[in-house]
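Going by the order they are written in, the chains are A, B and C; count residues from 1 in each one.
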Amino acid sequence: MDKLRTPAQQRRYGRREFLTTAARGAIAGGVLAAYGGAPIAAEAAEPVNIGGLYPVTGSFGQIGQGCVNAAKLAVQMVNDAGGIKSLGGAKLNLILSDVQSDTTVTRTETERLITSNKLSAIHGCYASALTLIASEVAERAKMPLITGSSSDQLNAGNRLYTFTPFCRASQFAQAQLRMAKLVSDKPKVAVVFENTAFGTSTSKGLSDQAPGEGVEIVMFEPYSAGFTDASPLINKVKASGANMLFAVSYLTDLVQIVRTMKQNGVRIPINGGSGGFVIPDFYKSVGKDAEGLLGVAHWNHDIDADAQRVNAAYKKLYGEFIFEYAGGLVAQTFMLAAALERAASPDPQKVRDALAALVVSRGYAAMTPGGRLKFERDGKNVYAHPVGVQWQSGDLVTVFPKEDARTPLLKT
Amino acid sequence: MAAIIAQAVVNGLLIGGIYALVSVGVTLIFGVVKIVNFAQGEFVMIGMYISYFLATFLGIDPLVALAVSMPTLFIIGLLLQRFLIRRVLGLGDMPQIFLTFALSLLLMNGALLVFSANYRTVQTAYSESAVHVGPLYVSVAKLIAFVVAMALSAALSFFLRVTDLGKAMRAAAQNRDVAMLMGINPDRVFGVAVGLSLALAGAAGSLLMPFYPVYPTVGQVFVLMAFVAVVLGTLGNVKGALIAGLMMGVAESLGIQFIGADSGLLVVFAMLLLTLAVRPSGLFGGSTR
Amino acid sequence: MLVSLALPLVVTNAFAIDILIRVLLFAFIGVAWNLMGGYAKQLSLGHAAYFGLGAYTSTILLVRFGISPWVGILAGGVVAMLASVPIGALCFRLRGPYFAIATIATAQVLMLLFLKFRDFAWGAEGTTIPNLGNAPLMMQFPGKAGYYYLALVLLAIGLVITRLIERSWMGYYLIAVGEDQDAAEAIGVNVPRIKRDIYMISAFLTALAGTFYVQYIYFIDPATAFSFNVSVEAALVSIVGGIGTLWGPVLGTALLEPTSALLQSWLGSGRGGVQLIVYAAILMAVILWRPSGLIGLLTRRADAPEAESAPVNG
């Protein structure tokens, strides 16, 4: 409470005192003390704290809530299986924070979470724009961060503490392009994308790789998320002569786009990318018009038996299938558990080193498309690749590439 | 090419109808009570939530819900004027601006707390259908919204010109003191003005629901457009706000079409700044007092 | 006063220091706003425009040209100052609430422009400040203390400038313009020039805060830099604390910032709207019952009435 009184006290000093103390301040200002977080006590017993930062409120609120649900489920699963055996069966303790879909809040909350708790690692934040900030803070605080966010920027700039076990935005782009060739021989694609980190990264991947994949991009339009009316955008798509639409969007915009296309009689195949496309709410909002629509994802609930088990558990609790990021989150939690096992210590530096050296090909920690995990120097997973997904009969199924497809692709 | 422009113009006009409706509400309050209602968008939001819940739990079509949202917001308007606005009249800019501004924050975040940030939509029979007029597609839901918005604006105009109460409002707008001398009760007149303005906002909300999602901050976009339209159309001028609202819808649509999908708002603001530079008192000349 | 200087040596909780830094920073932004909004009564709700310009100028200089933010911060101030001239020329054509709207529009326009400038200003993705570790010459400090003192210095500068203006001929003219623009003009005050000059000073200071902020949070993007919340907070702390007074913004920030930070951490995951509801409620209460700000409660002199004799026409 003293801290609250002091600035008020400042007010009462007069000008003269202010000026003389300012002079003293110039001298005192030479004294700088370094402050890091509180030193981590050597904890031989339980529990091990991991932090989770998700946008539970704000524009990503619905999805953030799903992520939190999955995070809790994952920790439950790890603990039920005996916790961290090399630490005497220590249980994982999840400490959550709401980043309110806001960059500034992410900045303060990440720091607060790290400095107010003895954490071993953190995970978050769903939206690439938010994760980038959390990563900045984590790097400076030397705290390992694991995330499913796809922006390629997360692997740039000599990061040592940021780990991205799933595919990158540029890989999404390549998958989308290849899927386009499955649907049409001469794809002429209109690309629309929301203009923050997620959309920009993916679309950049699209424009970079399209010529190499034999796909012609006839329209390339960033848009500001949350538009009042999708008609002008769809009008442009129509005018461009495209025979396919790639949309990189979060949920609401995607729903508007799909609906407006139907309204305006623009009947071309849509690849809804990832983001808003792969969550149950998309189907709920768009209904039958979602049938046959293609997308990409870094994880899906049918990629292997483990995923199906997780899906069943999640469905029992929450009544709908577990979506891409949430499922990936469960895998991430197990990856952290595996790293803790290996490190046999809750010290973040040791956990970080263990993650960097981790090689897994079985169990929930390898629950990724392709089923293998090994981190490169820049935090990428050597074996990560996206899967193509399609809405069929109200469910999102994996249809691409051949090795990962669980169901054949429906041509519409 | 002509078809593309025509479609863009049609799209713009349709959404412009909603912008116009909200703008008319703002300009009405300003013209009569001399207050800029920063919370106007939040009343649109309230209208939307009312329609949403009526549709979701009672199956009432949002257009029918107009009969509920409009009177409800009218009453809220009366209360607003009586308990809040009246207390800052004549106190100068700062209290007037920040009172409605605080109200806007309060309503937005109150809605956030109560309803959560989730986007909610209503599906009606006509939400997805469109009429074909030659090469043009006209969304049915938006067309209905446009027609009703224009009808309401026309009704308001008529009311102001023809009825006694309407004339009293215009009198109080022009010169409050003289109006009082003539026996007009300014409080009552102001109350009705605010009530009508909020009723229009509520109507806009109901009209939006068939084709637009509702979430706590949905009002912000519309209110920004409304403010620009009010300046463009000359402060206090109802017809001006209407025309300006439509113009802005079209400008936004053409901007998206020909400059870039992220340029709609930019075009709108460019219009505002251009107006300020060239004709600050708006399209319709000297401000009405 | 001495206490404020010794604080970082005593307070080890990083969260608490963060609150203090925010208090200092937003008090400074409030002080900058107050020069325009409090004394001259030009109620801008678009000061984020200058905050953002300052932030982007120093960041572009740093990331693209390797120039130290100590130079960048001044460059940002100059850019903002220059920008305020044409912006002011346009916006001052409107009065009262419509002036406020025009300023909101300007900040929005800048945000939209920067969203589009993907080549030299990173567009919507924004950019992070390269992690230079301990680099005071590049305005990066290893712990919080460095930022704390910098924020303290900025606030001190703002307060000193305000006091100097208050006591000068400019101060008298400002208040005259604030009371009644037309009357001031009638007695020969060069109203347009005064408005322009104070706007330039206010913009310059606000831009300094922008640079500080980027250096502190390591990140910039158009939404953060030109955030409407910054514009709102600038005005809010001054109004709540005491509009048109020297210490008003400081008091306002001291009340609002810690409250919001504490609310945020207590309610943590879930109650996103509460903090702003509290802000809004406080603002409304102040306006309805104490429009000249809470500082009146603390100083013994009688409240200067906020009421003006004639309602302002648009």
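One rule holds in what follows: a contact is a pair of C-beta atoms (placed from the backbone, for glycine too) under 8 Å apart; a residue touches a chain by one contact, two chains touch by 3 or more.
None of the values given here were measured: they were computed from a predicted structure.
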item: Comparison of A-B and B-C by number of C-beta pairs in contact, larger one; value: B-C
item: Farthest chain (mean CA position) relative to chain A; value: B
item: Averaged-CA centre spacing for the pair chain C and chain B, given as whole angstrom; value: 31
item: Distance between chain centroids, defined by C-alpha means - chain A, chain B (Å); value: 38
item: Contacts with 2+ other chains: residues of chain B; value: 112, 117, 260, 262, 265
item: Contacts with two or more other chains, residues of chain A listed in rising order; value: 57-58, 61, 195, 222, 224
item: Per-residue overlap in chain C, given as positions that touch at least 2 other chains; value: 112, 115, 271-273
item: Residue ranges of chain A touching chain B (in the complex, touch as defined); value: 57-59, 61-62, 101, 192, 195, 221-224, 226-229, 231-233, 235-236, 238-239, 251-252, 255, 259-260, 262-265, 285, 287, 289
item: Residues of chain C that touch chain B when the two form their complex; value: 37, 41, 43, 45, 90-91, 93-94, 96-98, 100-102, 104-106, 108-109, 112-113, 115-116, 232, 235, 239, 243, 271-274, 276-277, 279-281, 283-284, 287-288, 291, 306-308, 311-314
item: In the complex with chain A, residue positions of chain B that touch it; value: 4, 7-8, 11-12, 14-15, 112, 116-119, 121, 123, 127-130, 132, 137, 139, 212-213, 221-222, 252-253, 256-257, 260-262, 264-265
item: Interfacial residue positions of chain A with respect to chain C in the complex; value: 3-4, 6-11, 13, 15, 17-18, 21-22, 24-25, 28-29, 31-38, 54, 56-58, 61, 68, 96-98, 100, 103-105, 107-109, 111-112, 115-116, 129, 132-133, 136-137, 139-140, 151, 153, 157-158, 195-197, 199-201, 222, 224
item: Chain B residues within the chain C interface of the complex; value: 30, 34-36, 38, 84, 87-99, 101-103, 105-106, 108-113, 117, 216, 224, 227-228, 231, 235-236, 260, 262-263, 265-266, 269-270, 272-273, 276-277, 280, 287, 289
